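Below you'll find the structures, each written out as structure tokens.
There are two complexes below, and they share chain A, which is joined by chain B in the first and by chain C in the second.
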Partner chain A sequence: MPSPKSEMQKFGAKYKLIGKDYPTPDLYAKVTGKSKYAEDFRVDGMLFCKLLLSPVPHGRVKHLDLSKALAMPGVKAILTQDDLPAPADSVTDLGVTIKANTQGEKALTMEPLYQGEPILAVAAVDEWTAAEAIEKIDIEFEHLPFALDPLETLRPRGPNPRVEGNVWVEEENSPPRVGVLKWKEEDFAPAKYGQLPMGKPQEEWSYGDLDAGFKNAALVLDETFVTPDTSHQTLEPRTALAYWQNGKVFLHMGTQSTVQTLAGLGRWLNMDRSQIVLISEYTGGGFGSKATGYIFAIIPALLAKKANAPVMMRISREEEHFIGRARPGFQGRIKAGFAKDGRITAVDMYAIGNNGPYDEAGDVGASGEIVSLLYQPPAMRWRGVTVLTNTPPRGPQSAPGGMQGIVMMEPILAKAARQLSLDHVAIHRINSPEGKAEWGPASNGKRAHATSAFLKEAFDRGAEQFRWKERVAQPKRSGSKVRGVGVSSSCFFAGSVGYDGLFVIRPDGRIAIQSGIGNLGTESLSDVHRVVAEVLGVPWEKCDVIWGNTSKNLPWTCVSGGSQTTHAMTRAAHAAAMDGKQKLQEIAAKTFGGTPEQYEVGNEKVFRKGGGRSLTLAQAAQRAIQLGGKYDGHEPPPDVNKYTKTSIAALAGQGLVAAAKDKYPHDGQSFSYVASFAEVEVDLETGKYFLTDYLAVADVGTVIHPKALSGQVLGRSILGMGHAMGQKWVFDPQYGHTISRRFYHTKPPTILDVPTGMQWAALDIPDPETPVGARGIGEPPVGGGCGAVLNALSDALGDEVFRRAPVNLDTILTSLEAGRPMQEPLTAFI
Partner chain B sequence: MAVIRDIMPAFQLLQPGTVADAQKLLAQHDADAWIMAGGMDSFDWLKDRIKRPKVLVDLSGIEELRGIRATADGVEIGAMTRLSEVVGHPLIKEKYGLLAQAAELVASPQIRNQGTLGGNVSQDARCWYYRAGWPCYRAGGNICYADTPVGRNREHAILHAERCVAVNPSDTAPALIALDAKFVVQTPKGRQVMDAEHYFVGPEIDITRMNILRPGFLLMAIQIPSTWAGAQFYFEKMRDRNVWDFPLLNVASAMKLSRSNIQDIRIAVNAAAARPLRLKAVEDAVRGRECSPATGEAAGKLAVQGAVPLQFNAYKIPLMRNLVKRAIGGVQEAAWAS
Partner chain C sequence: MKEEIPPSEREATSLRLSRRNFIKGVIGGGVAASSAHYLFRASSLLGESSAPGDRLLTLNVNGQLRRADVMKQETLAWTLRYKLGLTGTKLGCDRAECGACTVLIDDVPHYSCSVLTHTVRNKKVVTIEGLANPDGTLHPVQQGVIDEQGFQCAFCMSGFILSAVGYLKTHPNPTRAELAHGLSGNLCRCQDYDKILTAMMRGAENLRKVSRA
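Take a look at the complex of A and B:
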């Protein structure tokens, strides 16, 4: 039953540019292959480097002899841990010093904490020589105890992944340190029945009357669910090229953020960021794993210094598997109470996150916050533990933690609907956030709230477009096939505030828009600046977006992560556009007399209202240069970030310089929401299933660029589907080695695994707390992509088939044969 | 010494233009030579620096090993014929559609454009321990890492495991067995033509190889007799992803019916054992019986007799049972239009 085509949607009725498709400035280079990613650059005298990776999950280098490698012709330098700068303190934008974490991740180490961790790097005239040299290195490791599964190290006598322990301990006024957390033997009793043991948590919060919530419930469910660890698997691996010129380091790398990557590089290199030039015009995907770059980029930078020659570090797919980050898998349990009408009365949630050995991923904490917002339990307790293990380091992956929380919660909602004989859309709708919905625990007696939420409208729209009622009424079983439909709620953080916009109206009448946003494939790098052209009434063809190089005078910009860019930077663009408009009006008043308010900006002119004299933008830019001061950037606005001030100073005198900080009011935290619908067809004789249809309806505020939005809504839904349909890590528990190293092992979904007729829709209801009304969308669809598929599967197969994701044909077939869930309920990495 | 699993080590690349030259080179270099067809298996081994041949004999320049030719009694396919050519060839599609179906389900379009039929049937096991360079039985060691109490073996063998529990991952091999294909192998002592199932070798015969090829041997062509041309064919492959995945299990059958009775049948499965298995007991049991769901049901049960699951692959037993059942008794397709 195909859904109507999404292309029928029309957006931006009251705008010329906003809500309309357009050719983005990077489009032609991308489709013709002319775009240059880090690996495509070549520099005179460039060396190549290769990495020696740890063969042990936890150990210490006890013997290292580099002499044979260094003696090889063509080998120029070898970099080890000893060549790295000591971990540096960092100072936040607000001037707060954050003490360096000496137990955090380093680019190279002599005490590897996971198999595949880089030990050293060899620079040579070519990769072949570097690889041969690595094989000539005499290295021996002392083996140390290791732990892969959080539950294993939490046991009273369980092994610790690090010499110092298995969890991070937070203490006031000092960096986090590694400590020990062990549970009691009796805590593990529930594991015998496949239920999650729940010992002492690291963190917990609660609100409302939990006991009353459960007491008054018509139905209480208590479910354990395990979610997979999944690699980001960006198509562009963590390749980087570095060289030094006159004391500055030039780094070519793929990163999600341009401006915001400098801080990390500065910290890792222990250098002032003014001495670092980052070139990153094109990035082959990030999904959170390259939010502010990656520490391994300093390897070619330091090798280039040591070898006194440019160094290219090409990262292979297998290396990317180890160092390319992943989503923490969760072992989780939720007890939820429901009233007869499906309204949740209480939620008691416990989440254990598998963190890998290094810096703590925020997933466990975010999971509780998102569940509290998305399902609006009137009473909730959240408890969590983030456990260190000897598995590759985790990092934020699209909807970090939120996704896992949703995936724990969704099967419970579907089960409750079946047990209470309720419609699945209805049970989602009745628990959906609305308006300024509250979320998270109370702080100072008050809970935080969202800027807005229109998820109920999204369900209404989706149920109609998906023909939900018709599908539910269809026969379920035919031949060896059984069909199921599922629906899921989804949301994630979707906006920050307080960044700067910056552009120059040049004397030729063109507008040079400075964009500090990374080109991570979302098109936000140019999308948000459509606002500038819209506000000034300038054709888009007259705008040049400048991006991808920190020497090009960019403004202070948000991290291109956490789905905040569209929200944060449309605000900044709007603020800068209003500054430009004001300056144009003032210049006109200074030129022709009268007050600025008597002038209007539009049609590439500033003109007197009701007719009269006018200046073209080109003329106004020339006037701005004559006037100087704030008009041509010689006097920057006092409240923009100091980084922006440096850029303004460099642009001063080139035209009318418009710059402003986003100071628009903002009541609440911005989130975006998605209602997801899926249909599956399962073959009961093989367990094989096909996802036959999918629809996602997004509540993202004002739609800025429909094509880019569709890419995000459906693309990130697919990321979520991968978690339902097969993506995972597998380790050998005896040796602590990753055995799923290749795409055909880790199984990210392919385009043939998703329905050809997938559809999306957007409500296009402006968020009331931001001037353009737009919120972010990268991450919010992910949980729904997974949840809707899982719920469609349980609709087809019932509640006794799976209790973990991914669900593969083996899960289904074995459970159907046995009549109960047969997969190991708790073990990680099977 | 340190290990790196990246960058092909150096080797001497030899690119003969004729079979005669290839034979000469193989004789000259004997066990030092690695034969490469499409490279889809070889490049993995080489880039991982696990297999380190001194000499690589690349067959891609030998025209006489390519092409699909009608013969007096069927068709002959050169070993170096690309899988996509097999898929698209009119004669194969028309009369030996079982092979076209199987070849079309191999990996992905890109791999089918590069991979060859000879390479597909001759490929090595994909056990993730073995392919990562672990020193297991198949690699000449004395342990199987997949078959330990905690080994991860979801994709491994349920039948005929003998120390090694790896499976043969070829999709075309069972189809060729069902079609009663003959493999033409050039050996140092002359040309041998053998039944398809005899080309493959289980661990009980030789734990380090998947087929009879030894140094100096060359798979030349695969001949399909017309015996089964236009018969009733069934091929089904189960995999996790709908493209670019090895089989969890596959089944191929060719059946001749006399009215509703099974006059004759050949059926084979793969990814159940270290070699593709011709299910002779099933063939004998159903020959002469009515081609019905009940016969299929009985055949499925018979097929999995003796199957032994490992810790994570018990699903393969009902899967094989049901695939064999469907190959004979048919699939109950859903009545709805999806």
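Take a look at the complex of A and C:
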């Protein structure tokens, strides 16, 4: 049953630009093929490089002879780990020194920790020559023991993925180091019954009275659930081009963030960031995997230096699988108590995350925090272990950890609703956060709280729009087909604070808005700056957004990831706009007399209230240059970041320079929320199922750009659905080799896997803790996309079919026949 | 000789050649030390004389006759991107999985990563750069993207647009479900399918208006 076509939603009733659609400034270049991504650039004398990848999951190079390769005509240089700068300490924005992690990931290594890890790189006149040279390299590996499955290495005599151990150990005032964590044999007893063993955790926290919560529960469920490892699979592989000029390195690469990528490049190259120019105007997808660039971009940079020529490193799809990051799969278990009305009384959660061999992904920790917020248990214990394995490195993927936590929790909520004969929307609604909802463990006796939450309103709106009650009342079975409907809660962190806004009102009357946000396709790079035009009352057509090149004087900007940007940078844009407005008023008062408050800004003018003399923006910009000082950027605001100050100094004298740091008050942590509704149809004879309908209702605060928002709400929902509907990693356990290495091995949903008329809605209720009221949206829908599909499947098939994701047709057929879940319940990568 | 081959057989020949080329690539690639796919001679790019085995071909691309030194194993995607400077055609997988490299060959969408360049002699190739009018007026399908803010990162965009343009030539008035089938050879990892489909439907509508006018 299709849901009624949602009437055109209207947003931004009190605004001219905010809440309205507009063609973004990057769109024309994209649609005509003029937009240049990293691989589209050409430089005279450009060499090409190829990588030699490890054939073993864990080993050591015991013999290496490059002579035959180096003797080949056309081979210009070979880069190995000996050419890499030593890991450098880094200094944060706040001046805190972070000691270098000597056991962290390097761009090249002689001790590979996963199959496909880059060992060395050859630069040659073309790729053919580089590939031939790699064939001529004489290399031998010593094989070392390897571990793929976290449970395998946690066993008392299990293999360690690294010589030093299988987990990161945190110690105060020193970088993390690799150590050993083994559980006792008796800890593994529950595994015999398909339940997750829960040995000594690395971390744990709790609040409330857990025992009382379970004792007073009408129903207690204890469920083990396994979530898949899924590659980010950005359509643009992490290709990069580098060359050197006058001691500076110029890097063309795809990255989510512009300004924030410099710090990583500086650390990896051990160079001052003022000597690095990053060009990244267009990026072919990130989803967290290119949040602040990637370490492999230094390979062409260092090769270019060594060969004294530009080097293009093109990454193939298979190479991308190995180095392109993935979401950590979880082996998890939750015990949850429910009152008769469905209200959760207690949650006891255990999460094991598969990390790959290198730097720790934060997923395991985030999973507990998100569950504590989204389901509001009055008592909760969370325990977690992040385990190292010889599988490709993990990194944050849209809603890192939060998604896995939601996917562990949602099937339990659906099962509880069935056992307590409750409506599924009702059980989600009664447990939803509202207002300044608390989350996470207590610190100094007090738990943290959210800025706001309107998830209950989202469920109300969604239930009506999806015609939930009608759908539930309809017959499920029709011939061999059975229909199911499911609903899911979802949320994630959605905003940071404290960054800078910067723009110049030029003497020609146009506004040059400096944007340090990356262009990964979310359109936040221009969307947030609509606030500048809105506040100043300037037509958008008079604004030019400058982005994607760190030599273009950009302001200090948040990482374009983790759903921060819309929140953080609308605040910064608002602060800069208020600074610009104040300066315009002051300039008018200096020019015509009176006080600044007697002047108003609007219609591309600053004018005396109630009529009288006025300056056009062009005239005001010329006056600003005459006045100098703070007006044209010669005196930057004292509190902006030093990175912004450098940019202001370069822009000084070009017009009225408006710049400010976001210092707006902010009580609580910002989150965004989504209520997701799904309908599936399963063919019981074939096990094949289709998603027939989907609706996501988003609570993201004020809507800035509806069409871009719809793309995020539905696009990130589908990314989540991929985890329910088929994506996973598979390894050969004997040799530790990766089997799922291309799109067709672990295929993201295609246009035929989703309904042709998906629905979305946004509440458009402003968040009270931010001036424009907008929060981020990239991550929050992901868990709901997966959770709603899983719950629709269990509605159709019952509780005895699956206890891990994805749910494939063989899972359905074999389990229905046996009357119980037939998939191996705990093993990773099946 | 090639001119006498009927179109259906030309297609068959090109398929056979492609497959052989890719089997070769698969053998060379794989697990171990290197991956022998993703190769090409950059000779003409580097301004050197053509490498042995190269052959000077004349190709009809975007209505222009273009000459390029082409290796016999060279794919159309390489020639377009590295010999003719048409970088709007993207490589997402180089193995006929994602559709980012889709171009029109005699009005039919093809994965240019899986077509050998020498098989398109005497055919008309259209890439994203050739869709708009020389006066800058966008193709109605391109305009549909602007109207609906279609796509996110847009790395898949040129492939989707050319698939849509090809499909609409034979199915000018599709339903959403029909057009989805027409576009199902293209992957969007931003998973922006709903908005893409809306933009392509708008493109179809724009196209019908232009055709009627």
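Points to keep in mind about this one:
Everything below uses one rule, namely that the second predicted complex is superposed on the first by the 826 of 830 C-alpha atoms of A that agree within 3 Å, B and C clash if a C-alpha of one lies under 4 Å from a C-alpha of the other, contacts with A are read in each partner's own complex, and residues count from 1 in each chain.
Simple rule for what comes next: contacts are C-beta pairs under 8 Å (C-beta built on N, C-alpha and C of every residue); 3 or more make two chains touch, one makes a residue touch a chain.
Being a predicted model, the structure only gives us computed values, none of them experimental.
More residues of chain A are touched by C (comparison of chain B with chain C). Of the two partner chains placed by superposition, chain B and chain C are both touched by A:Ile134. By the touch criterion stated above, A:Tyr282 is placed in contact with chain C alone, chain B being left untouched.
Judged by the touch definition given at the top, the superposed model places A:Thr255 against neither chain B nor chain C. Applying the stated contact rule after C-alpha superposition, one finds that A:Thr692 touches chain B and leaves chain C untouched. When the two complexes are overlaid on their common chain A, residue A:Val125 makes contact with chain C while staying clear of chain B. Once the two complexes are overlaid on the shared chain, A:Ser488 sits clear of chain B and of chain C alike. In the superposition on chain A, contact of A:Gln514 is made with neither chain B nor chain C. In the superposition on chain A, A:Ser480 makes contact with chain B only, not with chain C. In the overlay built on the shared chain, the residue A:Leu714 is in contact with chain C alone; chain B does not reach it.
Note: residues 50-53, 55, 127-128, 131, 134-135, 137, 139, 316, 318-319, 737, 743-744, 749-750, 752 of chain A belong to the chain B contact set and to the chain C contact set alike, using the contact criterion stated above.
On the side of chain C, the complex with chain A involves touching residues 28-29, 31-43, 45-46, 81, 85-95, 97-98, 100, 127-129, 131-132, 138, 142, 145-146, 148-149, 151-158, 161, 176-177, 180-181, 183-184, 186-197. On the side of chain B, the complex with chain A involves touching residues 1-10, 49, 126, 128-129, 132, 145, 148, 150-152, 154, 238, 240-246, 248, 312-316, 318-319, 322-323, 325-326, 331-336, 338. Remark: chain A residues 50-53, 55, 127-128, 130-132, 134-139, 316, 318-319, 474-475, 478-481, 483, 681, 685-688, 690, 692, 725-726, 730-735, 737, 739-741, 743-745, 747, 749-750, 752-753, 808-810, 813-814, 817, 822, 830 touch chain B in the complex. Against chain C, in their complex, chain A makes its touches with residues 21, 23-24, 26-28, 30-37, 39-40, 42, 45-46, 48, 50-53, 55, 115, 125-128, 131, 134-135, 137, 139, 233-237, 282-287, 314, 316-319, 520-523, 705, 707-708, 710-711, 714-716, 718-719, 722, 737, 742-744, 748-752, 754, 756-758.
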